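Can you keep this structure in mind? I'll have questions shortly.
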Amino acid sequence: MYNHNPVFIPGPTNMPEALRRAVDMPTMDHRSAAFADILHPALDGVKKVLKTTAAEVFLFPSTGSGGWETALSNTLSKGDRVLAARNGMFSQKWIDMCERHGLDVTVVEVEWGGGIPADRFEEILTADKGHEIKAVLATHNETATGVVSDIAAVRGAMDAANHPALLFVDGVSSIGSMDFRMDEWAVDVAVTGSQKGFMLPAGLAIVGFSPKAMAALESATLPRWYFDVRDMKSNYAINGFPYTPPVGMINGVKIASEMLISEGLDNVFARHARIAEGVRKAIAAWNMDLCAISPELYSNSVSAIVTPEGFDANTIVSHASEKYGVAFGAGLGAVAGKVYRIGHLGSLSDVLALTGIATAEMCMVDLGLDIALGSGVAAAQEHYRTTA
Amino acid sequence: MYNHNPVFIPGPTNMPEALRRAVDMPTMDHRSAAFADILHPALDGVKKVLKTTAAEVFLFPSTGSGGWETALSNTLSKGDRVLAARNGMFSQKWIDMCERHGLDVTVVEVEWGGGIPADRFEEILTADKGHEIKAVLATHNETATGVVSDIAAVRGAMDAANHPALLFVDGVSSIGSMDFRMDEWAVDVAVTGSQKGFMLPAGLAIVGFSPKAMAALESATLPRWYFDVRDMKSNYAINGFPYTPPVGMINGVKIASEMLISEGLDNVFARHARIAEGVRKAIAAWNMDLCAISPELYSNSVSAIVTPEGFDANTIVSHASEKYGVAFGAGLGAVAGKVYRIGHLGSLSDVLALTGIATAEMCMVDLGLDIALGSGVAAAQEHYRTTA
Amino acid sequence: MYNHNPVFIPGPTNMPEALRRAVDMPTMDHRSAAFADILHPALDGVKKVLKTTAAEVFLFPSTGSGGWETALSNTLSKGDRVLAARNGMFSQKWIDMCERHGLDVTVVEVEWGGGIPADRFEEILTADKGHEIKAVLATHNETATGVVSDIAAVRGAMDAANHPALLFVDGVSSIGSMDFRMDEWAVDVAVTGSQKGFMLPAGLAIVGFSPKAMAALESATLPRWYFDVRDMKSNYAINGFPYTPPVGMINGVKIASEMLISEGLDNVFARHARIAEGVRKAIAAWNMDLCAISPELYSNSVSAIVTPEGFDANTIVSHASEKYGVAFGAGLGAVAGKVYRIGHLGSLSDVLALTGIATAEMCMVDLGLDIALGSGVAAAQEHYRTTA
Amino acid sequence: MYNHNPVFIPGPTNMPEALRRAVDMPTMDHRSAAFADILHPALDGVKKVLKTTAAEVFLFPSTGSGGWETALSNTLSKGDRVLAARNGMFSQKWIDMCERHGLDVTVVEVEWGGGIPADRFEEILTADKGHEIKAVLATHNETATGVVSDIAAVRGAMDAANHPALLFVDGVSSIGSMDFRMDEWAVDVAVTGSQKGFMLPAGLAIVGFSPKAMAALESATLPRWYFDVRDMKSNYAINGFPYTPPVGMINGVKIASEMLISEGLDNVFARHARIAEGVRKAIAAWNMDLCAISPELYSNSVSAIVTPEGFDANTIVSHASEKYGVAFGAGLGAVAGKVYRIGHLGSLSDVLALTGIATAEMCMVDLGLDIALGSGVAAAQEHYRTTA
């Protein structure tokens, strides 16, 4: 009841009050002209956040997973071959979605903690002389392991192989928190959700379609209606929506985009990097390791911390919740029980990050790990105070 | 800026303050035990509103249209035959969805303003000796025409034909406003959305699956992942969700259900009937007709009013918006320009209904229709004051 | 629970959502620089609403009554003579306050429904050759009777008598709704509250002090601390407050002023006049009289309606509340039971005014008055539709 | 814009969301029966928080300072003698108020950091054979110095002297956070405000009057109207208010009382003591001193920390605000520049207290004080984790 504690889950994030208010709108007539003044600025704002001028943006009432399905069902047909790496829970789920849609997935298995192997992709794509692979799927930031992959390198692999496949990127936990360059990387479908970098409640899939992806709409034969980009496009053109739009959420995207752009995207990314680095300094002070196996893979939106062998990392999460009223993220899938996660994306300050670090320390000491109270906090404090 | 005027669109409805607050929650950890205390009461509340004990309820982050797709893709396979009547824009859209999913739709054309012809359904079902028809689709309340169809009669037709097809009912603009009896009518999939009888923002599809519908999950081969009921079911069992749940919206369903049940469903329906009847008294006083062609078809959630030949009904809607800041519903599809609609579902009082009636009168007089100012209001006043 | 009905009491008014949000601020440090960015724009905004450049404005956490006490205790001393007219409940209360502070009040009794008799004031002031009268009190808008008095005429009387007394004006239910010209009328202390023309919750007295009133601060010997203008002034100069400021309410004044000024004060007054005139057209259609005895006294913020002899006007108020969930104002003091009041100030639209009129009609018919349903509504509709 | 940081000023406190919502009410008719359902539970709740059954409670739209004036003006007359200790800024202000009201104040000067000297009070009261002293003023918690005085001892001194003076206690920053026993301590007027232990915005003075204080109402001749307890009492008896009540704020008192009582007052006090002790452990780890000169004087609502000679404590406050967006309290009056204050009252958790401690550490290190980062945090962590 009294709990003001911020959450340290890797999304949904802590929400700025301005965005809660943007979403919490009184009912308006979504068929009126006023809707256009919400919808189009929201779409334009997303384009800026995606760093695209070429793509078209669509907002589907759903979660980021609905964005994945939008990517697949609007561009592919049953039996189409796609290429993907499996390096965490969320890439795994997208692969599962492909399979349930009758796609033929070439899966590159990667150690959880590793990134997308661009070189291996290049080999496979080069070998695909017949261009049977219609799409490459890339999870920009694996939320389960705190690993950010190099999308420019994936694009480089595709170009090196001179391969015409579409490039689909899951940027759910990266877009708005870490640099994302849709046009420069020639991403064909970019997918995110409202509840991460946009700092809103869950409930909207935000997708960008490149002209090349748009060109695939008519040839794709996977059945679709709810997620059909064609209906979105034709309705937007008349300031409409193919069904009842969640106006408040769309207004949230509009205002969130304004906030991000007003702060400056590079400043936003630098802020996330700085807060994340403080968390990593704390982890180093604890003599613990990240799940991400090398520094260039470290995510600025979430850190997955490996606990000692024989220790159940999940107990930290439940202990923090029960004793301190603080939410961390549990390990998922292959790393369940082996890592716990501190989310540091969205709306968070350096001093509130210290709350999370201090709470993690107390939990680890409470549960018998050999950690000095204050050690991680001091390391993060030194980072924050010298970089503020 | 100063506008407190209620909306008179047929959904989203005016929202009670308690529900806006229920939705506008601070971020919580959706993987914590606290989520269970929101999810399960919401599901149980919906069951009560659907008048079902046998069905399982699922909440998808989407609109009611996503509920339609949930019904189809979880129970049917490409090429399956379905039976539906086309008597308005929303039945038309559902038919279109079927066709885009490769279903074979037997469409019964009905005058817009008419209801589902149960007798014609019985003939077709009786003729379908091979039971090729796998599902019957019924739009309980055609929002476009203000027509409520007799679902018990549709069920009766199916029983009379001794036909095993599934019965899918679109109750988007009826459930929570007018009587709906999922178990008694043996409805197999019931679909609604958050923004009508539940008085919430758009953003959730609310669906009920009968045991018979659940039994069809494994045999259905339409591709699905986002709307896969199996993942919802298995996640609910562990207090989870297959992707990030919109917790505030689910909390809204919980609280809205409590409000409806606390008032008493029959009282809720009587309240809607009383307010609707006042609107109809006004329409009669204006010597105008409803689009619905006979009284048993009159909807208690929306009234579609036929304007004189040669008059563009849409001008009433735009005029009301521009001059008075009041939102009515325009005619859609086949009745575009021929009707305008007064929505009277969700959170509305008798005295606020008079605002809508009075505004409609002013608009019609402004636009040259032969209406006496105050005439409809007086008829509605007499109804309201004698029935309060 | 479902009640969205607007209130028709003469304040507090219906609040625009933007102002509820302005008031509902998270806690901030009121000793920080950020407070200055709220306080000073609020003070400047009030000056514009008061149409003054000469006066200083002060905001006291209290109600408008605290503003009355601020006027008296900061400028007067025990035994000082003041002149006031008693023409309603609120002028009566202010006179009572004077008496409890040991002031010597010369009361001019006026029929309730009459305005301040400027000619009688001139006689008394002219007769006061020794200038014993230190202050003239004037209630601009008598909320109890719906009477607006002519403050320019009061000033004219003082000038004609060449009398140096201070002029204190209670503008609680006029300022922000009807024209008020502090400088032009040479008002020395203007008093209002947050809950009327500023459309905020109750809780702030808003006062303006002319240079002449400021000059009286040091000579006044009535004891004061909480309402001491000197402490307010000295604290404002350092962006402070003499005690903990209600920051949200002050922010509300800032934003409300912006809204009023953005709309244009003359447009705001015209809007109130137009809505009020519609209510008066309805009253005329009912063949009923206003308590205000002549048209130039008609208030644009509240109408007090005289009910027939032998009829208890209070029953309309209780009946409206119980049966229809609508709040009207009861008669107070000398006109209790003889009038009921429809407030039409603050945030209200023409179409919502019709709700009030229609509800009043139903109540009067329910209670046996000889009124035709729809008659008042039709008269108001005609006014609204032809003047929108 | 993104700032979610809690405040560490000694009031207004961080507000629970439930209380912000309690205050942010739509407009209701304050003359309706519904107001009684807010007012009386609020008054009853306050009685429980004050631990009184004998006293009457009144809520004035004002700040706590208005409560001081209510105490004085309702019970005393010009020239009456009162006894008070001056040990901080707030006792100083109350003394100033007495003097401006023409009271004859016997001031006992006390080192800032000291408590009320009950023994000295006993001497003075014993010497006052003629019982000229009409009231003893006691500041329970000096917010400026973080000193809690022993009110039971003050009462003991009065009883030992067999003195009939009234006992007025300023409990603004103690009531609701630390134990307060109005009846047991025979307090005659207890004063608090809405923005401290009640966790609401500023804007309400909350006062309790003992039967003995009530008996003084008629004999007191200080002029009063706004703060006249008699009008409050007579209006409460008819579910009214002497002027427009701030209904939302009163509703806030109702709900805040429910929250405090539901948690259990002793649990609330223990929570504050525990959080405060963590802050004190940190201060000790920094080798710094509290302004309060001995442990029994340590306040559980605010800690004033003495900075080294030659260091301007105010720089910590401004630095924290500018660099980290965190609000601490500056030193006031005689201790300005010598102390800074960490408020830990109202709605705060142990883990958020760590944010304040960690921020203070960074500021002190930034500004050149010899503090080890993490040292205070570690001491507080150890306290919190072993006492949770």
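Chains here go by letter, A, B, C and D, matching the order in which they are written, and residues are numbered from 1 within each.
By definition in this document, a residue touches a chain if its C-beta (ideal position, glycine included) is under 8 Å from a C-beta of that chain, and two chains touch if they have at least 3 such contacts.
As the structure is a computational prediction, the values presented were derived from the model and not from experiment.
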Chain whose mean Cα position lies farthest from chain D: B
Winner on C-beta contact pairs when A-C is weighed against A-D: A-D
Chain A and chain D, separation of their C-alpha mean positions in angstrom: 47
Gap in Å, rounded to a whole number, between the CA centres of chain B and chain A: 34
Between chain A and chain C, centroid-to-centroid distance (C-alpha), Å: 54
Residues of chain C engaged with two or more neighbouring chains: 14, 26
Chain C-touching residues of chain A, taken from the complex the two chains share: 17, 21, 26
Complex interface listing, chain A residues touching chain D: 1-6, 14, 16, 18, 259, 263, 323-326, 347-352, 354-355, 358-359, 361-362, 365-366, 372-375, 377-379, 381-382, 384-385, 388
Parts of chain B lying in touch with chain A, wherever the complex brings them together: 7, 9, 11-15, 20, 23-32, 60-66, 68-69, 73, 78, 96-97, 100-102, 193, 195, 201-203, 222-228, 242-249, 321, 327, 329-330
